[in-house]
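Each of the two complexes below includes subunit A, the first together with subunit B, the second together with subunit C.
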Partner chain A sequence: MKNRIRIIDNATGQPVEAELFDEVTVEHFIETQQEWRPIVLKAARQLAARGSHQLIPQHFHWDWTTKAPELNVLANTFYGIRYENKLQGLMKLETVGQFCSCRLPEQAGNALVYVDYVEVAPWNLKPLMSSLGEKARYNAIGSRLIEAAVLKSKEEDCKGRIGLHSLPITESFYAKACRMTPVGRDPAKQNLLWLEYTPEQAENFLTGAR
Partner chain B sequence: MKFNSDPEWLKRQAALEDNCFVSVGGLVSAVEDLEQQSQQAITSRAVFVNLLNLTRREHELSWEQFSQKLDVDLTELIGIANDESYKPTPRTVTKIAHFLHVPAEKLFILSGLARAHDRQFQEAALRFAARSQPVKALSSEEHEALKEFVKFLCER
Partner chain C sequence: MADKRTMTLNLTDQEMSLLEELSARRDVSKTALLRQALRLYQMVEVRLSRGEKLFFEDEQKKKAELVVV
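Here is the complex of A and B:
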């Protein structure tokens, strides 16, 4: 599956056409290691040197290549966003598993699509690029990935229901920018905040309704 | 999948996102972990170079002949063998794996393109590194070490 989508080029403030695809391979994971990781590490060191420990990305240790064996698992779906021949974002979804069940009281027990991993290229993250004296390049990558997760949920008859464990530093994005409902801390998952969408909230996100 | 094509929706969402962190996944570990992982990559890389060198010598090939057999650019091959910071391309590593009849994923790890989270794999690689110091002629011990390690790569 390949879809033409639009993201924002910060240099002009205008939408540009990118590609969202699900044929993610091990080579994409290697690309993240080779192209993303050195920048993340460099920025993390800059932030640490300045004493801005709270801004050190909480995902800097990730290694997508360890996810390679999961590529062939049917219950997993991977999505990537490519623009200018570079990977701009990557996401892993699970449609079956221990976290694929709703927790909000009004929809508890219903099936949902679990967002297991999301990462955006470091050159699209303002806190990292600022530490390196540069500007973030493309915007709305995270929103496009969450949109893909909701659409996948609809395809799977989960009616747009998705759930995820947010890192502390990303809670406001999911709660405020995506308007997901924070349900509570999950002791089974490092006490991370669990958020989820009802079908109505998911639809509002997709259409922009307030 | 039908994505929202409304530019106003996109701009509004971009303003809300504002290039902030959006990562989902496990909690951060210490920076030292990263340094340790990078040390492991260097060890794996040394094993990869040894494996390449012993294989070449076992087949009694010059580097030039070896590059032709592999269908890999000679500069790339020499770069891998002599420059620790040189990153081979996945395509080259795949060709080497094909020549050795071992799974490409295993060589991705050894070449430093991917990382192993398998203690047994790391121990086998270290054992091979310890037993395969380069000498002029391929000793029977090296021959055995090479055979054993290639067998290990194929079996697992």
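Here is the complex of A and C:
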């Protein structure tokens, strides 16, 4: 699958056409290690030196290459966004597994698509680029990935229901920008906040995103 | 979306009742539930083939290994 999607070029404020794809390979994982991780670590060091510990990305240690064995498991779906021949974002979904059940009382036990990992290229993250004295390049990468997760949920007959554990630094993005419902902290997952969409909320998000 | 192929599935009354009950509980179609079951089966198979073990844990944290044949 390859779809044309729109992201925002922060230099002009105008939308540009990028590519959303699901044929993710180990080469994409290697690209994140080679292209993304050095920038993330450099920014983390800068932020630590300034004492801005709360802005240090909590995912700085992620290594997508460890997920290579999961590429051929049908329960997992990976999506990437590419623009100007660079990977701008990457996401892993699970359609089956431990966290693929709703927790909101009105839909408890219903099937959902679990957003296991989302990462946006560091040059698109404002706090990171500010620490390096630069501006973030593209906007709406995270929203496009969540949009893809909702569409996958609909394709899987989960009616748009998705759920995820958010790192503290991204809680406001999911709760305020995406308008997901914060359900509660999960002791089974480092006490991270669990957020979820109902079908109606997912539809509202898609409508707003278009 | 990947291309899909159609097959006929023969189930006993009990199996069909179970499929209907589970798909209603999960609020998905019977087809979607069976596709999920197939993926779950593959996931278990892959992890067992890597040498991992599958356990159930009760409220007292007592673990029981599930042997998949």
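The rule we apply is simple: the second predicted complex is superposed on the first by the 208 of 210 C-alpha atoms of A that agree within 3 Å, B and C clash if a C-alpha of one lies under 4 Å from a C-alpha of the other, contacts with A are read in each partner's own complex, and residues count from 1 in each chain.
The criterion applied here is as follows: contacts are C-beta pairs under 8 Å (C-beta built on N, C-alpha and C of every residue); 3 or more make two chains touch, one makes a residue touch a chain.
Computed from a predicted structure; not experimentally measured.
Engineer: Touch test for A:Leu93: subunit B only (first), subunit C only (second), both, or neither?
Structural biologist: In the superposition, A:Leu93 touches no partner, neither subunit B nor subunit C.
Engineer: Pick one for A:Glu155: touches subunit B only (first), subunit C only (second), both, or neither.
Structural biologist: Once the two structures are laid over each other on A, A:Glu155 reaches both partners.
Engineer: For A:Gln33, using the defined touch cut-off, is the partner it touches subunit B, subunit C, both, or neither? Pick first, second, both or neither.
Structural biologist: After superposing on A, A:Gln33 lies in contact with subunit B but is clear of subunit C.
Engineer: Looking at A:Met1 after the superposition, I want to know if it touches subunit B, subunit C, both of them or none. Which is it: first, second, both, neither?
Structural biologist: Once the two structures are laid over each other on A, A:Met1 reaches both partners.
Engineer: In the superposed arrangement, does A:Val24 touch subunit B (first), subunit C (second), both or neither?
Structural biologist: A:Val24 sits against neither subunit B nor subunit C.
Engineer: I'd like to check the shared interface: which positions of subunit A are touched by both subunit B and subunit C across the two complexes?
Structural biologist: Touching subunit B in the first complex and subunit C in the second, residues 1, 155 of subunit A appear in both lists.
Engineer: Hey, which residues of subunit C end up touching subunit A in the complex?
Structural biologist: Against subunit A, the touching part of subunit C is residues 1-2, 25-29, 31-33, 35-36, 38-40, 42-43, 46, 50.
Engineer: Provide the residue numbers of subunit A that touch subunit B in the complex, in ascending order.
Structural biologist: Those in contact with subunit B are residues 1, 3, 5-8, 10, 15, 20, 26-27, 29-30, 33-34, 41, 44, 48, 56-63, 65-66, 68, 115-120, 124-127, 129, 136, 139-145, 147-148, 151-152, 155, 164-167, 169-170, 172-173, 176-177, 190, 192, 206-208.
Engineer: Which residues of subunit B touch subunit A in their complex?
Structural biologist: Where subunit B meets subunit A, its residues are 1-14, 16-29, 31, 33-34, 37, 87, 90, 105, 108, 113-115, 117.
Engineer: If we count contacts the way the header does, which residues on subunit A are in touch with subunit C in the complex?
Structural biologist: 1, 69, 72-75, 95-97, 100-101, 107, 109-111, 155-159
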